[in-house]
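These are the structures in question, set out in turn.
One chain, subunit A, links the two complexes that follow: it is found with subunit B in the first and with subunit C in the second.
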Partner chain A sequence: MRRRISLLLISLTIMGSVFARGVYQAPMDFLAESFHGEVPESSLLLIDTSLEASVKQILGHRYESQRIRYWREEGRTAWILQEVGKTKPITVGIVVNQGKLERVKVLVFRESRGWEVRYPFFTDQFIGASLTESAELDKTIDGVTGATLSVSALTRLARLAILLHKESEK
Partner chain B sequence: MHRVVLRFLFSLHRRVGVSLLIFIILLSVSGIMLNHTESFHLDERYVQQGWILKLYGIQTADPDTVYTVDEHYLFALDGDLYLDSEAIASGFGKLIGAMRIAETLFVVSDNKILLLSDNGDVLEQIDGLLLGVFGTIDGLGKSGNKLILSIEGRAQKLDIESLRLTHIEDSSRVTWARATALNDTMRDELPEQVPRHALSWERVILDLHSGRIVGGWGVWFMDLVAILLITLSLAGAILWYQRISRSKAR
Partner chain C sequence: MPNMISKALALPALITLSMSLPAQAQSDVELGGYGEMHYNNLADGTRKLDFHRFVLFFGHEWNDSTRFFSELEIEHALAGESQPGEVELEQAYVEIDLNDKLSTQSGVFLLPIGILNETHEPDTFYGVERNPVEKNIIPTTWWEGGFGINGRAGMATSYSLHVHSGLLVDPTSFNIRSGRQKVANANTGSLAYTASMSWRGVPGMEIGAALQMQDDITQGASPTPASLTEFHIDMEKGSFGLRALYAGWQLNSAAARALNKDQQSGYYLEPSYKFSKKFGIFARMNSWDNSSGTATNTQMDYGINYWPHPKVAFKFDVQDHSDDTKDGFNLGVGYQF
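Moving on, here comes the complex of A and B:
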């Protein structure tokens, strides 16, 4: 009996980890939700040499491509960005309005740990944050125990989205 | 304590101490590194040195599928996409096709579309999820200057600006990307590739610490080193105690 209960507990733990990974929302659905059903045409932002230095300062490495797609409507921009947490990329949808974060949502989580960052109790902390002159968020983001690397990845992406938003307005 | 025993202990302490010097440094340094695995990112860094991989019996690998575009070889290995000898993208998935359409080189996996410049720089990565495609791209082709994807066997035209997919009824005019069979000449021309994520540095340092890196006898050898270290400490403690007692007696 004891063995069966142990097996059940182990199975539940493994299943919990498996189900925590996955696609929480398709990027196009996130965009449709963010733009009230009407997704504007996408634009491309080229990461030139000066922007690349700022991107590198935030991410600690180059972005995975030389241009980034985004969607804009009346001062609001939406970005689908990804960054590696520990070993696999986390895909995040971010909306920036007038230089401030309006929405942050984890769309795809591929890691086996740290998935707690998908919940609004964590992502809602970013709302209203903007960038300081040293490219840091002007709000303190509380971490999540056991999800340090995912928290760090999301924070970097939030900073990056504001930077890219500002760049797209130039 | 008998003087002969003390002389023996002193000699033992000196000889064992000198002979263990390298191992004490090795164990201490590897121990510190293991204690700070996350700070040193040892679990995220992977061994690329062939001779270390050989110790673990990890062989170099040949790609299953190779696409040739403008004298370039494109292939995927262990989740990474290679252009000739250089890994240009990771988390790539299964390589489906590569072809030049107008000025851009398109490389497609089952879940991603990569746009490359002439010199192999990644211009853009379009995740299949943005197209509503979940690992189901199974073909890359072109019709004129239009990019065609086969998704679950159905040919669809992709507008790269709007990211809209349009089903095409007649796919007879589509030129599909075809893989090149890997022959011996190409195998010689391709640089020797190793699986990039097969062995982490954390594993190597751990095995260095335990002696397992040189096989089963290495573990026994490290056990012997540990026993000698215990002997060294005990001999040192006895010699120190003797010296203290002698100076008190005086």
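Moving on, here comes the complex of A and C:
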């Protein structure tokens, strides 16, 4: 038994090739897909003092930059946002339509744990969610065992995207 | 539109920036930890306040595919000769990603068996003390030294295969828990092999199983091949939670049979309900037997967790044991960062 298991371990090790980080879709491709090939001109949203308080309420800290780029077509906006899961930032593409989440997609996942959150069985839970008055999602998002921090990061970004969408409409 | 600045910079430049800057801004060194203090009040007269665990995590990432992780623990606050506690190195391994679906693990690691063995930070489970089934049967917390492969298949299946140091069990008692060598000058005459698999294809649900085999858990003293089988479900859907686990050992030797130690198994069922993000209640039915069905223990636990912050938990529970002297209540506070 010992020899067979050792051989299996060696075989599995050799099967590995050059490591490729989890880049699942380039942001540009996400935008093209979201706007059916015609990506509108982008705009920048400034996180001013009043908005910063709301952002901090959702993230628990400031966003990494003070200007956030977005793309708008009528009542739809698209956002490329980042938030740290455990130790590494997760890059997520989010489309908000009339204040509700239309699309959430993990574009780059750099953590070594919690990779399941990139699949539609998890991200599809966000579709249709909007923000309550207390800036929470109005839908329950079930987590993924062992991926608590990644789930939490994605949920924060989903809330942030709706907040920013509303702000961009002012 | 007072806070909107129109006219974009070039999109490619933005994307390059958004994908690279934050990663570079992160530190290569990771520091974390958890701890828990317990108060036990039992019918046998136990009135104990104990800082049960103080743990520090240290990690380092050399590059995107090679990293180190460690867990250093002080148990029971005071370690040393004639003192109640210990200093333990529970994890210290190098992980190398071979591709985005396969990685190797070399060093000291927690065995992927059960629900609590790998994830046991106090804010992640109900009850002040860890459940008695995983403690007395698996036995959690269990770490060994060796080499392993962690892989993932499809959307939600992960698996692992490890070869590692094994148990050194005293053949006069066949006490599994006392057989953990803790990778401290561990006897490697008989290595052990652990395989595990888990599926998380539905949000909030994990179904897992593990199998361990060792040719001789006495390391030559009284040859006893042994195997451990474990199954579990860990579910949290909306406000409802459910944990269920079975684990069982088979010890195949005349010596183990003679002492009624050839079969050691247990299970628990733990439904829970969260009234909000801050309050949750649970009940847990535990049943375990380390003596081939001749000395079954049962224990009912009921309690509440209060999370003032998602990573900080205050706990209270009542335990009703089949041995009435072990009835009582427990209080605890725990954290992780």
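Criterion: the second predicted complex is superposed on the first by the 151 of 170 C-alpha atoms of A that agree within 3 Å, B and C clash if a C-alpha of one lies under 4 Å from a C-alpha of the other, contacts with A are read in each partner's own complex, and residues count from 1 in each chain.
Following the convention adopted for this analysis, a contact is a pair of C-beta atoms (placed from the backbone, for glycine too) under 8 Å apart; a residue touches a chain by one contact, two chains touch by 3 or more.
Note that the structure is predicted; figures quoted are calculated from it, not measured.
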Touched partner set for A:His36, first subunit B, second subunit C, both or neither: neither
Greater subunit A contact set [subunit C / subunit B]: C
A:Gln66 touches, of subunit B and subunit C: first, second, both or neither? first
Contacts of A:Gly22 with subunit B and subunit C, given as first, second, both or neither: second
Which of subunit B and subunit C A:Thr145 touches, first, second, both or neither: second
Contacts of A:Leu51 with subunit B and subunit C, given as first, second, both or neither: second
Partner chain(s) touched by A:Gln125 [first = subunit B, second = subunit C, both, neither]: second
Overlapping contact positions on subunit A, where the subunit C interface meets the subunit B interface: 23, 26-28, 41-42, 44, 64, 67, 69, 80, 82, 87-89, 91, 108
Residue ranges of subunit C in contact with subunit A within the complex: 1-9, 11-12, 14-15, 18-19, 21-23, 25-26, 30, 59, 61, 64-65, 67, 95, 97-100, 102-104, 118-119, 124, 147-149, 151-152, 155-156, 161, 163, 191, 193, 198, 200-206, 213, 215, 234, 236-239, 310
Of subunit A, residues touching subunit C in the complex: 1-2, 5-6, 8-9, 12-13, 15-23, 26-28, 31, 39, 41-48, 51, 64, 67, 69, 80, 82, 84, 87-89, 91, 108, 110, 112, 115-116, 119, 121-122, 125, 140-148, 152, 167-168, 170
Residues on subunit B engaged by subunit A in the complex (per definition of touch): 44, 89, 91, 115, 117, 121-127, 129-130, 132, 134, 161-163
Partner subunit B, residues of subunit A touching it in the complex: 23, 26-28, 41-42, 44, 64-69, 80, 82, 86-89, 91, 107-108
